[in-house]
Amino acid sequence: MGNLNLGQPLWSTCFLIATIAFGFTTSPTSHAQERPTSAGLPDAELITDLIAANRILADKGILDGFGHVSVRHRLDPKRFLLSRSLAPALVTADDVIEYDLNGVAVDTEGSAEYSERFIHAAIYEARPDINAIVHHHSPSLITFGISSVELRPTYHLAAFIVDRVPVFDIRDALGVTGMLVNDSSRGRALARTLGERPAVLMRGHGTVVVGPTLPVVVARSIYLEVNARIELDAIALGGPVVYLDADEARAVLAEGEHRAYERPWELWKKESSSQ
Amino acid sequence: MGNLNLGQPLWSTCFLIATIAFGFTTSPTSHAQERPTSAGLPDAELITDLIAANRILADKGILDGFGHVSVRHRLDPKRFLLSRSLAPALVTADDVIEYDLNGVAVDTEGSAEYSERFIHAAIYEARPDINAIVHHHSPSLITFGISSVELRPTYHLAAFIVDRVPVFDIRDALGVTGMLVNDSSRGRALARTLGERPAVLMRGHGTVVVGPTLPVVVARSIYLEVNARIELDAIALGGPVVYLDADEARAVLAEGEHRAYERPWELWKKESSSQ
Amino acid sequence: MGNLNLGQPLWSTCFLIATIAFGFTTSPTSHAQERPTSAGLPDAELITDLIAANRILADKGILDGFGHVSVRHRLDPKRFLLSRSLAPALVTADDVIEYDLNGVAVDTEGSAEYSERFIHAAIYEARPDINAIVHHHSPSLITFGISSVELRPTYHLAAFIVDRVPVFDIRDALGVTGMLVNDSSRGRALARTLGERPAVLMRGHGTVVVGPTLPVVVARSIYLEVNARIELDAIALGGPVVYLDADEARAVLAEGEHRAYERPWELWKKESSSQ
Amino acid sequence: MGNLNLGQPLWSTCFLIATIAFGFTTSPTSHAQERPTSAGLPDAELITDLIAANRILADKGILDGFGHVSVRHRLDPKRFLLSRSLAPALVTADDVIEYDLNGVAVDTEGSAEYSERFIHAAIYEARPDINAIVHHHSPSLITFGISSVELRPTYHLAAFIVDRVPVFDIRDALGVTGMLVNDSSRGRALARTLGERPAVLMRGHGTVVVGPTLPVVVARSIYLEVNARIELDAIALGGPVVYLDADEARAVLAEGEHRAYERPWELWKKESSSQ
């Protein structure tokens, strides 16, 4: 983990050197495709939080070797930041790539890219209120994505799904595919199913969770998984289940979705960095 | 974890310095509200055990980023001790605040407070036999709080719930709310549902466990969770289930609820401090 | 864990010093009860394995703060070795006490004793083929102890329960009690239900597993728990389940119950000592 | 872990010294049976990956004290490499033995052998497309091996079981046995049930997973287990379940089974080596 030195924003430094030495923001590429320009140096805190988000969700078992986390660039809403193709637990500041809303990289520096970056691109395009996105394969949520039983909020920490979690069935939208959302048209179909909601289940594949900030999207990812386990157990008990009342859920959210999860975010950062 | 040095009662030292330097026990505050007076310096062992209780329940997964543990002050039954707003795993002696039974702090030293401190205040007020309280969001117990299936004692370590665990539905008591017990009237409604029992489930929210000492409330929190998992599995097996006989449960308790859990308490303290 | 130095048989040394200095084998005690004589110094390897068995089962979550492991003395079949009252994960060679088959200690050196040592005493008395015993509260097996669904062997590593696992209901044998097997008559009632089998479930309490050696009793404890989880899941799937055929199970055992579990024993010892 | 120094191919060095000093490839043995000749020094990377595969699957709980992983020799398709009888988590380069397709060792150097090496021998003989094999006792898959409910692909990472996972019932093939595949005829019966598929469940025993490379067989072992948990939960929910469409699964595989799992393989190697 030598590359992740939160005290020294290495990524920023590299970026700066690259910008000075190679005219990075307008660098020609060896690819035929036209590269977008950079929005400029992202702030170090945002990169630090992006790395933390990757590690936290790996530490909690929400992300395994696959899946990814992105954040919108603060200097330009038409750019977002995402790691090169790498297991989330291994991501460092040096691995972060800047993308435009077509999923085209400013500069990959020769690295392989996540083939499903179009999930992120299409959602940032469709949802100006969203600044952070997670795509994962957490098992309990795949379960709900292939079941006729709907995911519903069981407790206040899942109040954010008061308007339910839609299921995106790629076969309905696009016929027989290799199941991956690996181009813009697939990304946009997924974004349409997501609509204005905070999450979407992908049938036979995984989940996408979105939020206004990295701490919120991380917390939503964790509590959506916990909520799935509670619902599974409550249904197994056999009696009727009382889900969160819609009015109550809205009242929970009106008080400010758990103060933006500041309290657990501090804990999770500490836990995942001490690994 | 540099702040938690059990060999040196830092908290006491800080408290003492604060008392000498700033006239702490009668310190004026910047809030309009009248601050209660301090009951005086709590003994170091109690603070050490309070920190241990926080860490043990975090280590066991009963507490996550939310939830809290409190203990009644030994010098004054009208005062109790609770951390400032912080994830339980991170609590150190320096974070402990003294409260009165209205949930008003002697001195927050500018820290944010747990909004649900009123759970603790109201129960200490209603239950002179209780000296330690835990509020948590452990999933298996949320399951029972939203199910029509009642939590029942499956084995001797859960004998303490022989008189059952009531469910507090905040909607029945107070209508549509943001689900939090964040004022005295909500705290008192919860305390009424708890009655003379050792625990209460909060529908769509979490659980409160109470006890005469910190080791007992910690052990009850852990074994209530284990009991929930056993009951879930026993029901899933499909055949009739033999729960603990009420007379047997009372006989278990009459022999002195597992010698106050001294044996596991030593283990849990060691496990959680080596993290 | 400074007391457990497997390279230096501290226990033996202490024992030797005690014998020389205090005439340990015939030492008078401060208790009214007549103390049995010692069978002499147990070999260091047996003590090392007894400590390992305690730690392995704690490491695997089979034992928590309660429960215990014992081994029969090699020099005298009427003596066995068991820790003083202590959580199994914390047991060191210095904590081991020698007992006779009435559950009376040769010398407790002032330590508190496990109140359920009579489980061990009565079974060593009834079963000359047995040299090691575990009593634990592992949740999946408590589930089967309170269910009408019987525990059955699902795979070859559970072949040893081919003759089933009986359930001891202390209420049937002894009426309303505090659920503990804390005297000789209760121990003997339990031993009668165990009969010639390798394990007995205690309704609303826990499990006793027995075996010819410490590695075998540890392995049986672990695989009985795994078998319970498999059976729970297989029943939840809903279709008919094919359990191990009795003839097959006997053929498995006839080949020498998994070579006495030598292979996992080496692993488990290493895992639990590196904690 | 002192023996496993990935920077220094100790195994290769030992092998070389052995070859020079003792004419290893034609060394006579003390056994009556004729020993096969060695295919020569295997490349160090293959040995490194074989050790990593053992450790990864132990780290993930797929392998415990029993079970084993093998890889086909690159210099001779009629030879494969497998540890001496040892818990997988403890395997080092020094423990690896070279075998022929009858399960006869080139030289055991006096070590005990896995009695079920015939699983590997028979499958390498029957399946020239396969270069890596795992045999394990992972509980969720034993569940499906004894149930009438069939294991089916729930998501794209389990697309490789599109043609289902057959169940080998040794009793049907060979009558009452000790359940072990410990000779060539049993190995060949198992290989026949496996056929051209990537895995076979062994009723009342465990699972065999096969693949073209070590990273692929490790990933298949992990995702088959995850798939089993998802299917168990989806069935427990009670509603109809939508499994992966066969055409979709084939499309997933046609795009190159998850790029040979390069991304998680890097993660898993790192995780298991830092233990």
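To keep things simple, chains are lettered A, B, C and D as they appear, and every chain counts its residues starting from 1.
Definition applied: contacts are C-beta pairs under 8 Å (C-beta built on N, C-alpha and C of every residue); 3 or more make two chains touch, one makes a residue touch a chain.
Not measured: the values here are computed from a predicted model.
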Check your understanding: When the Cα trace of chain A is superposed on that of chain B, what is the rotation angle, expressed as a multiple of 5 degrees?
Key -> 90
Exercise for review: Return the distance between the CA-based centres of chain B and chain C, expressed in whole Å.
Suggested key: 35
Study note, to complete from the structure: Cα centre of chain A to Cα centre of chain C, whole Å, reads 49
Review point. Tell me, which residues of chain A touch at least two other chains?
Key: 236
Practice item. Could you draw the chains as nodes, link the ones that touch, and say if you get a line, ring, star, complete or other? Key: ring
Review point. Which residues of chain C touch chain B in the complex?
Key: 64-66, 85-87, 89-90, 137, 139-140, 142-144, 146-149, 169, 171, 176-180, 203-206, 232, 235-236
Check your understanding: For chain B, which residues count as touching chain C in their complex?
Key -> 154-157, 159, 226, 229-230, 233-234, 236-245, 247-248, 251-252, 254-255, 258, 261, 263-268, 270-271
